[in-house]
Every structure is written in structure tokens, then in C-alpha cells.
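Here chain A shows up in two complexes: once beside chain B, once beside chain C.
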Partner chain A sequence: MQLISSVSVGVGGAATIDFTSIPGTYTDLMLVLSARATSTTATITVALNGSSTSFTSIYLNGAAGFAPTSATGTTLVGYASTSSHTASTFGNLSIFIPNYAGSANKTFSVDSVQENNGAASVNTTIFTNLWSNTAAITQVTLSLPNFAQYSSASLYGILKGSGGATVS
Partner chain B sequence: MALMKIVVNCETGVTEEIELTPAEVAEVEAAQAQNVIDQAAREAAETAKATAKASAQAKLTALGLTEAEVAALIG
Partner chain C sequence: MPAGVSAWTALANTTLASAANTVTFSGISGAYRDLRIVYSGGIGSANPTFIINSDTSSTYLWTTLESDSTANSSVYNGNTYGSFANNYILGYNSTGILVTIDILDYATTDKHKTILSRANNTARTVNAVVNRWPSTAAITSFQFSGGAANFTIGSTFALYGLSA
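== the complex of A and B ==
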């Protein structure tokens, strides 16, 4: 797994983190995010190649013992810690996108936790997602109004060796 | 404070902080607002389902079923 790019949010915050011109030279992508919101809005959404349409999701949320939930059209991929949570706590998520440069529709999975370090209920969520689009993914955009300072995102590329082994 | 976007060009390695246009601000806010609404609706549906299940369990127990029997029926 090789780091493609990494970014840390500055003092002013940011509404979106946008990885563009992603090279198609890897087998899979892994995006990891550490996030805190400056407001009480926790929902983190994703767009691929600038598109927020044709997404389907099934997810299991451990916050209140919910049953698996399916949702068509949602671009939700997780929950950041918010201004109502314990200071300096950050949620995190990882998005795994296999065969991102292929010509089939794109599936991806997400593990997300919303850290609080306190008693209040928070979301622990796992998603399976489908983006019904056959284009190679060259752009991944994460949105949250508003990523707090020190939130960070790193995009990794995963290479499969010719014999199927992972290349470091 | 103006909303910003961080754009990371993976080809060049250049990172830019760019102020969102009013249209982009509206788009982000609308998407987030819709997600909050959708999430609330899904949670309300799940809560209603859990409440109905608890009610059914209580009624079955009142009829004389044991907890094991209720669990065997509805989990």
C-alpha cells in the first residue's frame, strides 16, 4: 500500500476535502479520514468523480442496536465527532474501493466510528456501497460542514503483484 | 467565515485551499441537510420498529409465554 496524497485541515476549517487526478495505476484505493466537525452536523458524505448520484447503500449502525438499513440515493459514509462531543476527539473512517479504475460499476465498503470518549451515544457504522457508474474513479470528495482543524485525510493506492502478491 | 475546500491534486502533489462559490456552498448545505433528514427518518423508522417489537414481546409475555418462548417466536 502506497501513500498517494495526504492532507491536514488548517485553522480555518474546510467544507470539503477533494482528491483529484487520482492515477489509475493501482489496483485498489484506500482512503482514511480522521474528522471532527466545527458544528453539530456529523454526517460525512462522498462524491466520486464529482457525482453524488447513483449511489446505493446498506449499512449497520451500532449506535442503538439498529437492524441493517438499506438506503438508495444516500452518499453517507460516516459520522464525525462534533462540537457537542468531548473536546479534541475525532471520529474516523476508512473507505476501501477495489478495482477503482475498472469498467464495471464500483462497489466500496466503509468502516466508521464517531469518537466521543464519553457516555453519550455515538455511531459505529459499517457500510457496503454501490456507485452505479462504470467510469474509472479519478476523484474522491468528502464533505462535512465543517471539517475542524487537524482533521486529516490520506489516500493510499494498493498494488497487486503479477503473481497476486501485494507489492509494498 | 467563508467555507473552503481543500483540493489535493494527486498527480502533481499540489494542495490548494479554495473558497467555495455560492453555488457550491448551497450544494454542500443542501446535500448535508438532506442526509440529516434521511438519517432522522431512518432512525425514527427503526425506533418505531423496536418499540413495536417490545410491545409485542410484552403482550406475548402477558399471555403466559416464557421469555424463551417469546425469543423463539420473534427473536
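== the complex of A and C ==
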């Protein structure tokens, strides 16, 4: 696993975190994000290669104090801590995209946690996502109405091993 | 890089050139702390399962939290539930499956092995599964089994070792 690029949001925040010109030299991608919003809107969405269409997902959400819920979605990939949450708390998520440079539709998974110092009604969510597009992924963009300062993200490339497996 | 993240070592990788019923990583070195296994692709009409060290006699007790989005989440546990097998990881689908499996302390000889899976398919379910292999033996082989079905052409299987 090799670091491709990392981003740290500066003073004033940022509406997007954008990884561009992702080389096709790896097998898989992993993106990890630490995020806090400057507003009360927590929803983080993804775009791939600049596209926000042809996404489908199923997610399962647990929020402290509420019954678990599940639903279908599109570009939603997680929840940041918000301006109404405990100061200095950040949500986290990780996105795993296998075979991102291949020619099949792209299935990826997301694990997301929102943090509010143990208070109720924050979200822990697992997602399965599909981008029905056969293009190699060269750009990943995460959006929030505004990422707060000190939000950060890192993109890693994962290389495949040289050994094989027994197939029967 | 964060501690631990940079310590992935790619050990093996296979892309199916034709449909196959089993894929086995064998001769797994004990030199790492944990294992990560990634399966991406599809399978015919049977839920895939796994077999460790060729052990088909043990009960791989499991619990899963999962959803197909048509209802609120469900929790299943035991060793069988409906069509879910002893060593269940996810429901079948011909395309779009992604499974990541983490096996902690796989080479130790003083504990049963815990297998943590996250399985994904937007046509079926999202889930998180924990299995226990009731053996203190070090894990030296891991097999994906299609049971009554085959894994589809182009499915990929990868094995990584994670250092402490």
C-alpha cells in the first residue's frame, strides 16, 4: 500500500476534496477521510471522474438511540461531524475500490462513523456502492457543503501480489 | 502514512480466466501479524463460503448484520440459517460482489481465529460478518468455495499480509 496523495483542509474550509490524475498503476484504491462540517449538514457525497450519475447503493445505518435503518441511495458515502457537535470531533470514513482501473463496472465499499463525543443520534454506517461505468477511475471527489479546517484525506494505492492461487 | 497502513505486503493475486469452483491460497507464510483477503467479481446461484486449512468438519460459528434495503437490518447468527451455510460470508450474485476479509493473529497457536468480513453487492445486500474458526492452529491455507456454483470469469482474489 502506497500513499498517492493527501489533503488537509486549511483556514476557511473547502467544499470539496479532490484527488485528480490518479495513476492506473495500482490494483485497488483506499481513501480515508477525517471530516467535520462547518454547517449542520453532515452528508458526504462522492463523484468519480467528475460524474455523479449512475451510482446505486445499499446502506445500513446505526444511530445511537434509534433503531437501525437501511435504504438505497446514490452518491452518499458517509456523515461528517457537524458544527452542532462537540468541538474538535471529526467523523471518519474509508472507501475501498478494487480494480479501479479495470473495464468492469465499479463496486466499492464504505465504512463511515460520525463522532459527537458519545452523544446520541450520530451515525455509524456501512455502504455497498456501485458506479455503473466501465471507465478507469482517475478522479475521486468528496463533497460536503463545507469541510471544516483540519479535515483531511489520504488516497492509497494497493499493488497486487506476484504469487498466485490454486484454482479448480 | 498511518501506523500499520504502510505495512501491507501483497502476497498473491489471481484473476479467473475461466469459471472456477474453488480458489485456494496455500502455503501462507506465518511471517505477518494479520491477513487481508479481497474477492471481487461474481458467482452463480449459490452463496460462496470459505474453508481454512482444508477443515471441512469444524463449525465456523458466525453472526452477521446485514440489509437488502427492503427492510430494516437483520441479525442472523449460529452456524446455519436458511440458505446461509456454516461458513457464510454473503449472498450470491453474478456480478458486482466485493468482499474484504480480515483475519487477526492468523499465525498464532494459542487462540481460535476470528474472521471479519465486509461483503457488498448492490443487487443483494450489504453486511458485516464475524466468523470463528474453532482451532488454535496457524492458518496456512484459505479457500473460497463456490459450493454448487462457480465463480465467474474475471473474478479477482487477492491476499495481503499485514505487519505489526
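Assume the second predicted complex is superposed on the first by the 152 of 168 C-alpha atoms of A that agree within 3 Å, B and C clash if a C-alpha of one lies under 4 Å from a C-alpha of the other, contacts with A are read in each partner's own complex, and residues count from 1 in each chain.
Operating definition for what follows: a residue touches a chain if its C-beta (ideal position, glycine included) is under 8 Å from a C-beta of that chain, and two chains touch if they have at least 3 such contacts.
Just so it is clear, the model here is predicted, and its values are computed rather than measured.
Of the two partner chains, neither chain B nor chain C is touched by A:82. Look at A:71: by the touch rule set out above, it reaches both chain B and chain C. In the superposition on chain A, A:161 contacts chain C only, with no contact to chain B. In the superposed pair of complexes, A:20 makes contact with chain B only, with no contact to chain C. Once chain A of one complex is fitted onto chain A of the other, the partner contacts of A:1 are limited to chain C, with no touch recorded for chain B. Touching more residues of chain A than its counterpart among chain B and chain C is C.
Counting contacts by the rule stated earlier, residues 67, 69, 71 of chain A appear in both its interface with chain B and its interface with chain C. Taken in their complex, chain A has these residues touching chain C: 1-3, 27-28, 32, 56-60, 62, 67-72, 96, 98-99, 104-105, 107-109, 111, 126-130, 154, 156, 158-168. Residues 4-5, 7, 9-10, 12-23, 41, 43, 45, 52, 64-67, 69, 71, 74-76, 143-146, 155 of chain A are the ones that touch chain B when the two sit in their complex.
Residues 1-2, 5-6, 8-14, 16, 20-26, 38, 40, 65-69, 71-73, 95-98, 100, 118-122, 125-128, 154, 156-160 of chain C are the ones that touch chain A when the two sit in their complex.
Interface residues of chain B facing chain A in the complex, by the touch rule stated above, are 1, 3-13, 15, 17, 20, 25, 28-29, 31-32, 35-36, 38-39, 42-43, 46-47, 49-50.
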